[in-house]
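One chain, chain A, appears in both complexes that follow, with chain B as partner in the first and chain C in the second.
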Partner chain A sequence: MRHSLALLVTTAMCAVLSPWSASAADQADQISRGQYQAILGDCAACHTKPGGQPLAGGAPLETPFGPLVPPNITPDLETGIGSWTAEEFKTMMRTGIGHGGKRLYPAMPYPAYTKMSDRDVSDLWQYLTTVQPVKNEVEANQLPFPFNIRFSLFGWNLLNFTEGTYQADPSRSDEWNRGAYLVTGAGHCSTCHTPKSIMGADQEGQFLKGSSLQGWYAPDITGGNHTGIGSWTSDDIVTYLKTGVGTKTIASGPMAEAIENSTSRMEDADLAAIATYLKSLPDDSKATSTALPANDPRMIAGQAIYRDNCSACHSADGKGAMPLFPALSGNQIVQQGSPETPAHLVLFGSQGAQTDARPTNPSMPSLAWRLSDKQVADVLTYVRNSWGNAAPAVTESDIKKTMESR
Partner chain B sequence: MTNILPRKDVVIIGLGWTGSILANELADEGLDVLAIERGPWRDTGTDFNIGYVQDELRYGIRRDLFLQPAVEAMTMRNNVSQTALPIRDYGSFLPGNGVGGAGVHWNGHTWRFWDSDFEIHSKLTERYGAARLEGLQLQDWGITGAEIEPYYDRFEYLAGISGKAGNINGKIQSGGNPFESSRSRDYPLPPMQMTYAPTLFAEGARSIGWHPFPTPSANLSEAYVNPLGVAMGQCTFCGFCERFGCANYSKASAQTTILPVLMKKKNFQLRTDSEVLHIDLDKSGKMARGVTYVDSSGVEFYQPADMVLVCAFGLHNTRLMMLSGIGKIYDPQTGEGTIGRNYAYQTVSGAQFFFDDKNFNPFIAAGALGQTVDDFNGDAFDHGPLDFVGGAGINCLPSNGRPIATRPVPPGTPRWGSQWKKATVSAYKSTMSLFSQGSSYPTSYNHLDLDPTYKDRFGRPLMRITFDFPDNDLRMSHYVSDRMVELGNALGGRETVVPKLKKGWDALAYQTTHNTGGVVMGNDPRTSAVNRYLQSWDVPNVFVVGASAFAHNAGKNPTGTVGALAFWAADAIRNQYLRNPGTALVSA
Partner chain C sequence: MLVGTTGSAFGRTFSGGLPWKAASADPPVPISPGGWRFFTEGEGRLVSAIVDRLIPADDLSVSGNDAGCAVYIDRQLAGDYGSSSRLYTKGPFLKGIPQQGYQGQPNPSELYRRGLAAITRYVAEKYDGKAFGDLSPDQQDSFLTELEADRIELPDGVGGKEFFGFVLNNTMEGFFADPVYGGNKDMVSWKMLGFPGARYDYRDHVSKHNEPYPHPPVSILGAMDWASK
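Now for the complex of A and B:
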């Protein structure tokens, strides 16, 4: 992808002496900006299969309604978007209505992309026309009846979708507005981090407050101190998004992919803008947790399990040893309302994000083979309620649910 | 039928320490690099899982991580008058297997050889006269200590070695090893915190005028991020290093220092479970064309390449050269031929001090956690009045208190039953164990060649090891054993047991995996197989990297020198060889 771009840029530069020079140089600029839009929007996350050709169609997304397969968005005439016009592309990004009037399922985050500016959408389109066309037929819609009837989306949009580009808030700084534009628009953070209604739409008043996702829990990223990122400095957030490694935590699961493919390649100024915006989101959580008492039988059992299985890396005081072993004390991801992410990590293990700045990507090993559901529940209850942490106790059925999510 | 694959710039045989270092360096140079590894892929989270890696039966006793004789055996004998027989169960030494090689299961003692080692023949002749070296086949390495120093430094910083320098730019540093050669700077990390046994050992050693210092360790004293950006953890003293992979990212290995970066490089590729049968030469026999290997399903491939780097375990390097017909196999009768020449081992002996009133808590341990005395090592002391050359480090490195194998009992204890149990209970916590890591000097008769009778699963002859401890080395070892008795007496335990090493090397009981030589480096093509840059004298696009290049073995573990030589060879390839590929860097 980079190579073809470089080639184009070179071609454009060679053309300086020709009558088309100005437009060629402009076009190269536009393609380059469009490539950045593709990074901001993380198109590859869904539209590139692991190990597959770039943007030639992704692995199936498991939605609560059934599987959807992200289509081929290379400019192949028959199987990609080669026959689309720029105007059709723009309409699709704005409204979710694609080529030939076909309605897209909102797994394609057009409710976020609708906020992107005309220029950014047009740049992105220009870029997509330059990627290597790949012939790869994808049947996107593999939903069961009645969800496979695309017309139902008409009603969905009526209820859940507001079309329109981002409108700046003049009372806020340019940086804040840039952050808001990225988070709510191309970055489509709410796709994972906002809890969904029964219809799969963002829940009212719950923007970025954390949501279950593919057996993980995308945490609260609003400005609250307990479960949110209120205690993170802007620099902490920028470093985390840039490197995958924060002061206390290492990204894993879907966020590791988002960091590797998208945020680690964003400009620092954009990351700072995102941080400014996220930190400004109000902490209006009503429920505050109190830690379970240390003499609770689950805490006693959990501590023994922790000492035997976890403390060698995460240390007995829960402070860990960054940048290799995440701290558990004061780490928001272990204190979310839902224990899905820590349960996932203990049961299945995980490999951290890998970036140029932090190439180690250490592994959390799977411990499911040696701990019972009850033991996993107890050790997580202990971790969630020790060293200043406080979160609801974890039950065996929570663990079973996570176990079955895979 | 052999499948022919697309050409590569570089093929590396074996992805252990040296293969990983060279692969990373040459990938940085922009070359298209392929590593072919006989064993499986291995990584910390999946293969050295914190939940099961401390399984002594599986890894320590049944040796799960090691090369199995069914894959490759060797034959052994003590001298040329005997008929060699196959080693049907590796015991005396344990070659590694799989990605990371023996660097996965090592303890982590990370030494530099001394300046006097690289010019051993010249220096010892100068000091004691040529007659003293009679019966030995000592020779210079073709490089100087000053030349290799920066490459030791690179390896130590790659691996996060924890130690205390004894000599920085010629200035002796208190607390370090005063006998070491000058180094440009200190280790990247401070020494590990000492446990009781090495602390007491050091006190005793100092009381009789010796100079103990913390052993340089690849078990990390602190968290560390190496120059490649790879992070490592602080050692937790779990005591499962040798024979085990490290679950805590605390022991330096290819996995914990290089592979996270290397495996992401688009111009690097790894093929595991694939055994190289031989290096293919062109019709002239003077240039390598590539390698032939077999994958795990038995399919044979020919992999063309512009360069072949032989980076397997030292003994395997030697055998691959023999099987590929590169150079001439050494003949101990005529002294001609260089492949298999100057095979050496390590002259190891032990000591146990039994106390009544001590508790050493031996299970709080790490592979390279302890203290060393080098007063009787190498050329640190005057051999004038003595009847040998060489020496040994005296080490107190209580690496583990594992329940199956660590059961010290005094001599005369029954080997089972209630008396044995009683003795075990009383000695487990209160015994101090030492070992002397002695030099092993080459002779004309200790050597490697191909066995005339026994073959491997592909029908290739096995390697034959002809080895016994030279008289010089035995005299050295006995001298150092006497020093350990002195120390035992100074410490005043109940009983001091110092058995002396005997002639008659056998392949059963574990001694050490420090097998050196066979493809030695040097400045004379009649006595060395590779030049000072580890480039084959006979086939210039083949480099052979590892302990196989050692012209002798010093009284030190080899890994530090192996790592330094890998960086040294990488530098020569990047900055000299690639300017004019296919030509010799040193004219014969």
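Now for the complex of A and C:
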């Protein structure tokens, strides 16, 4: 009797234990899947301050409407999201309405995250609950009146926001659909690469055609040859996103950070899917530019400035020396409608993305101490209109604007 | 323990990317324009007259003074060079061999102050109270030649040959150094020599034998052709 009771108890315990072990393994899987979602969504880009505690709140984002500070999303009860429920998190990701009905500013890319699947959002939530809680009070809303009134977002959402998870296009391949899901959803590429309306929403029909942000210009990444990535092969795109180094260019600025924190850590299959999707974006850019004549005074001065300041690395013929020195000839980043990125590089210098594949990230020195605004404008005009490049001339006031952006 | 502490005080470890900071640069500071920073008016006149004899104006170039050599020396003496602030300056003071350079105790600013005073006194005593600048070019040249040859004994125990060496060296530095330091006005010496200036890449020209280098010189501060007309 005693013996059979013991057996019974053991059996009962097993019956209880087995499902529990299975669910622990499931939970571990879910957490690591969620960690991958955090990489895809690049949460750290905004929610971790440079040199700060992971996800405990970021550096202020300078929006056209004023500064917004990305909040603490560690599971700290008082200052983080420790008091949120899974359901509240999902609602926030879907609709931009957070804990206690508080409306988020679309600097939080919920217009993209709304496309994420239930499973991916729930995995991400599980992961976030396991992050080290950090006590760090963040005053997110530092906008001036009237933008500091969160209710105004109700109207913004009505006009600019469509809720809903990604709907696969059955006429396309699984890989294309995966790429579209990543680019338009978690990857939120359009947050930087799509030009914004006066309300700060993505402009209709301008998807990924390039946009200004924080003194940089996120380039056109649609299919055009001139400013877009039409001349890039899928492999070029994958290599660039994995290593930070393309065939002609090295990532800089916010994209270098996105590559370091996010794309370089994505699975190869996902990068290939992203490339497949981006390569399918049409080349409908009508904008063509004619190069300025070489005898334009700005071109003549620009050439002298280029020879004395740039040619040692980027070479007189603009071919550079990859993978160390970017080629400028045929490089799309110097031919965008806006010269902000090359202006930023010349004025402040830049350090390339640092990835496992390219650990010795080269850097470009700042030349602002040596060149006047006019000289920076002229040398960029020269670079944008030489060796087959063509783009509008750069003015002194363009340079002043970039100088003040920092 | 002490070794460990010292090690950590001086050692720095970097992980991840190389350290880098946006908008950082450590360029040389251009000299400030205007009057003398170290010399008195009299000293300034004397040095201007000397550098004009060391590099007289001719069909090759403007004179040493017109090229800014006296201003160059003045700013150097007013700065780290004059006070030897970046050198070890404690004893023992041994003579040293010529290749070791100057080994004496007085720093360059002290040497100039005493040397210029000694020359002023010597010239006044020898030429009826005249200043060096009032002598004829031939008289000036003959004085400097004698000074260099160590055949003049300056008052106050000043080593004339050694001091002449300082002035000649510093004049050449001013004449050939980058204009950012006050001399070599408009890159005059570089144009004279065909020296291309602050450049470091000649890949496009190494294979062009017996062809003159086509580009004008460039200073740390830039070049004339950087301005669009």
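Note that in this section the second predicted complex is superposed on the first by the 387 of 406 C-alpha atoms of A that agree within 3 Å, B and C clash if a C-alpha of one lies under 4 Å from a C-alpha of the other, contacts with A are read in each partner's own complex, and residues count from 1 in each chain.
Note that a residue touches a chain if its C-beta (ideal position, glycine included) is under 8 Å from a C-beta of that chain, and two chains touch if they have at least 3 such contacts.
Keep in mind that this is a model prediction, so the values were computed, not measured.
Peer 1: Clash or fit: how do chain B and chain C relate after the overlay on chain A?
Peer 2: When both complexes are placed onto chain A, chain B and chain C end up clashing with one another.
Peer 1: Of the two partners chain B and chain C, indicate the one touching more residues belonging to chain A.
Peer 2: C
Peer 1: Answer with first, second, both or neither: which of chain B and chain C does A:Arg298 touch in the superposed model?
Peer 2: Touch status of A:Arg298: second partner only.
Peer 1: Give one of first, second, both or neither to describe whether A:Pro323 is in contact with chain B, with chain C, with both, or with none.
Peer 2: first
Peer 1: Using the touch definition from the top, say if A:Thr360 reaches chain B (first), chain C (second), both or neither.
Peer 2: Touch status of A:Thr360: both partners.
Peer 1: Of the partners chain B and chain C, which touch A:Gln375 in the superposed model: first, second, both, neither?
Peer 2: Second partner only.
Peer 1: Kindly classify A:Ala312 by the partners it touches after superposition: chain B alone (first), chain C alone (second), both, or neither?
Peer 2: The answer is both, since A:Ala312 touches chain B and chain C.
Peer 1: Name the contact category of A:Gly349: first (chain B only), second (chain C only), both, or neither.
Peer 2: Both partners, chain B and chain C.
Peer 1: Touching chain B in one complex and chain C in the other: list those residues of chain A.
Peer 2: Shared contact residues on chain A (touching chain B in one complex, chain C in the other): 312-313, 349, 351, 354, 359-361, 363, 365-367, 369-370.
Peer 1: Report the residues of chain A in contact with chain B in the complex, numbered from low to high.
Peer 2: Contacts found on chain A: 309, 312-313, 321, 323-325, 349, 351, 354, 356-367, 369-370.
Peer 1: Give every residue of chain B touching chain A within the complex, in rising order.
Peer 2: Answer in residue numbers: 43-46, 49-52, 223, 225, 228-234, 236, 238, 247-249, 260-261, 264.
Peer 1: Across the complex, what residues on chain C touch chain A?
Peer 2: Residues 16-18, 20, 22-25, 27, 199-201, 203-204, 215, 218, 220-223, 225-229 of chain C touch chain A in their complex.
Peer 1: Using the touch rule from the top, collect the residues of chain A that touch chain C in their complex.
Peer 2: So the residues of chain A in touch with chain C come to 297-298, 300-302, 304-305, 307-308, 311-313, 315-316, 347-351, 354, 359-361, 363, 365-371, 374-375, 378, 406.
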